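Mind looking over this structure? Questions follow.
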Amino acid sequence: MLEVSNLACSRGDHRLFSGLNFHLHLGQIMQVQGANGSGKTSLLRTLCGFLVPDEGEIVWRGERIRELAEDYHDEILYLGHLNAIKDELSALENLRISAGLSGIELEEKEAVTALRRMGLRGREMLPTKVLSQGQRRRVALARLLVSDAKLWILDEPLSALDVGAVALIQELIAEHLAQQGMVIFTTHQPLHVAGIEMRILSLS
Amino acid sequence: MKKSTMLGLLVLVIRRDLVLAMRRRADVLTTLIFFVMVVSLFPLGVGPEMDMLRKMAAGVLWVAALLSSMLSLGRLFSADYLDGTLEQMMLAPQSLSMLVLGKMAAHWMVSGLPLVLMAPVLGLQFDMSVQALGVLMVGLLLGTPILSMVGAIGAALTLGLRGGGVLLSLLVLPLCIPVLIFGTGAVEAVTSGLSIASHFALLGALLILALVFTPWVTAQALRISME
Amino acid sequence: MAINWFKYSSPTTFYGLAGKMIPWFAIPAAILFAIGLYMGFFVAPVDAQQGEFYRIMFIHVPTSILSMFFYLIMAGYAALGLIFNTRLSAMMASAIAPTGALFTLISLLTGALWGKPMWGAWWIWDARMTSQLILLFLYFGFIALHASIDEPRRADRAAALLAIVGSVNVPIIYFSVKWWNTLHQGSTIKFSGTSMQITMQHTLLTMTIACWLYAIAVVLARVRSIILERERKTDWISELPEVRS
């Protein structure tokens, strides 16, 4: 499904990585490891198509992602360091808008259900500026529940989350993989998905 | 789950930006107050002779409109850039140009339209005739969307840069000169009894050109800035 | 026989090539400047109506023509860089910008000097002068945007896009300014004589070619230093004799 060959990336004069090769198939999960500054985020952003690699190709379903453009965007979900939520909007509005941007018109009921599952019961209508850091992250992560994307690209999904939320995310990932989804992620906290072999990609 | 259409996405972006603007009303009002202030400063600077003011009115209002739209352009993409929403927009399954068009439209409704509506009131301060006021308003109605659209290119290019606001004006103002010329020219034509058709036709042509090209160019600029 | 043009689009090859080319432009430029200025000041006859003042034309006209032209060339290189992703084109664009801005500035200053004795004012809002002023703003925008972005790749690409937008706008701006000028019955700089004298024409041509050659030499020199700066970490730069010593 996702084939990366001979990928090289640099920021400014600094070469982050080169000659990177890997394949990811349906139902597989891969963790990108490496020290700070080793290019984990850059790799994920390259996979999203924000960064143009210096060399190499990223191929999705046999076609280069650059050529697929919007068709590829339809099949991926990216969650970066930034939550992409607006302080002035309520959790509910935020979720409905971000789902809308990813091409899904979400009914209010579906959105409320998703937020409740993320443990935000009673906070659906509050402006997100009154929520805690972890709760905001939960609002952002609620997108995982309402998305139909095949490939999840998650940059530090567990940051600012408590134990309960981490367990929930692991559960969501397991569900996604069981439905033949794919996940690429980075993390500094351990993430375990029962019964699935975790592939590791190390950037040095 | 329902898939959204291209039009649905456009409406979503416009509605979202309008809701956000309404929740941060102060920003919208500041721009409008700036416009009123700049216009009101001119008579203080050049003296209250009505003949001169009447002659200057269109130019003053247009330049003030130009400056106030520069002021609000800085915010067009920067908030979405800082909180990560822009990344999500770039990953939308519809063309980025369409989303950009939505943002331009919302920006105009929030910062251009109020200027158009405010202009006649300010024009009265300069003793403009009713006829001239009408032409001024139509000119602004055609011209301010162009300012939002051309300005969006500058806003996208200067995304996240130090001193982006000043730089933005430096890049965009020269590009807006034709709009200024045709907009003020129309008012001048009507006060001297000439036809205004050609001015409006030219402004309309610029508007169409801007509508066709600027969303795409801005989308490219955003891609460059997001790398 | 197919020439591999892309070979010369690599900074490595072009660095040496540009170094060899510079004297071929710089020396003729100097000679032609000397000839042109001599002809302009001493050989060309006094104009019937403008007296000696018209002689500033020999600097004003070439710089005016070239300043507008250079913007388009700059935008052309910028577009090449954006489309084909060739680094050298982007470097060429940023090397042309300062020379273009300088020519625009010279054209404005000489225009003002010419205007004072002719109309009694340093600045008149004539269509060409106004267009030149706006052109200067466009150059400043390009240079300022390039300078404000630290990352070279983004700087190149953003400035390139701006140059392209600017060059599409140049005709519109030029037209609108002309329109504005006729509307306000402004004055235009016109050469008074019905026909320009043949010596004057030759002088003008000499000066234009001299400016042209000078610009090429300067741009090549500037491209060389941009290449040195950008590629300073590569091996081939550290092996250059001028860098080693």
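Here the chain labels run A, B and C in written order, and each chain numbers its own residues starting at 1.
Keep this in mind: contacts are C-beta pairs under 8 Å (C-beta built on N, C-alpha and C of every residue); 3 or more make two chains touch, one makes a residue touch a chain.
Please read all numbers here as calculations on a predicted model, not as lab measurements.
Relative to the whole-protein C-alpha centroid, the nearest chain centroid is that of B. Here A-C and B-C were compared by C-beta pairs in contact; the pair with more is B-C.
Separating the centre of chain A from that of chain B, both taken as means of CA atoms, is a distance of 36 Å.
A straight line joining the Cα centres of chain A and chain C is 49 Å long. In terms of their C-alpha centroids, the spacing between chain B and chain C amounts to 32 Å.
Touching of two or more other chains is recorded for residues 151 of chain C. Shown for chain B are the residues in touch with two or more other chains, namely 227.
Shown for chain A are the residues in touch with two or more other chains, of which there are none. Those residues of chain C that touch chain B in the shared complex are 134, 137-138, 140-141, 144-145, 148-149, 151, 153-154, 157-158, 161-162, 165-166, 168-169, 172-173, 175-177, 179-180, 183.
On the side of chain A, the complex with chain C involves touching residues 11-13. Interface residues of chain B, counted against chain A in their complex, comprise 1-4, 8-9, 12-13, 16, 19-20, 23-24, 79, 82-85, 87-95, 99, 226-227.
Contacts from chain B toward chain C in the complex involve residues 153, 157-158, 161-164, 167, 170-171, 173-175, 177-178, 181-182, 185, 188-189, 202, 206, 213, 217, 220-221, 224-225, 227.
By the touch criterion given at the top, residues 48-52, 70-71, 73-74, 76, 78, 80-86, 88-89, 93, 97-98, 100-106, 110, 146, 148 of chain A touch chain B in their complex.
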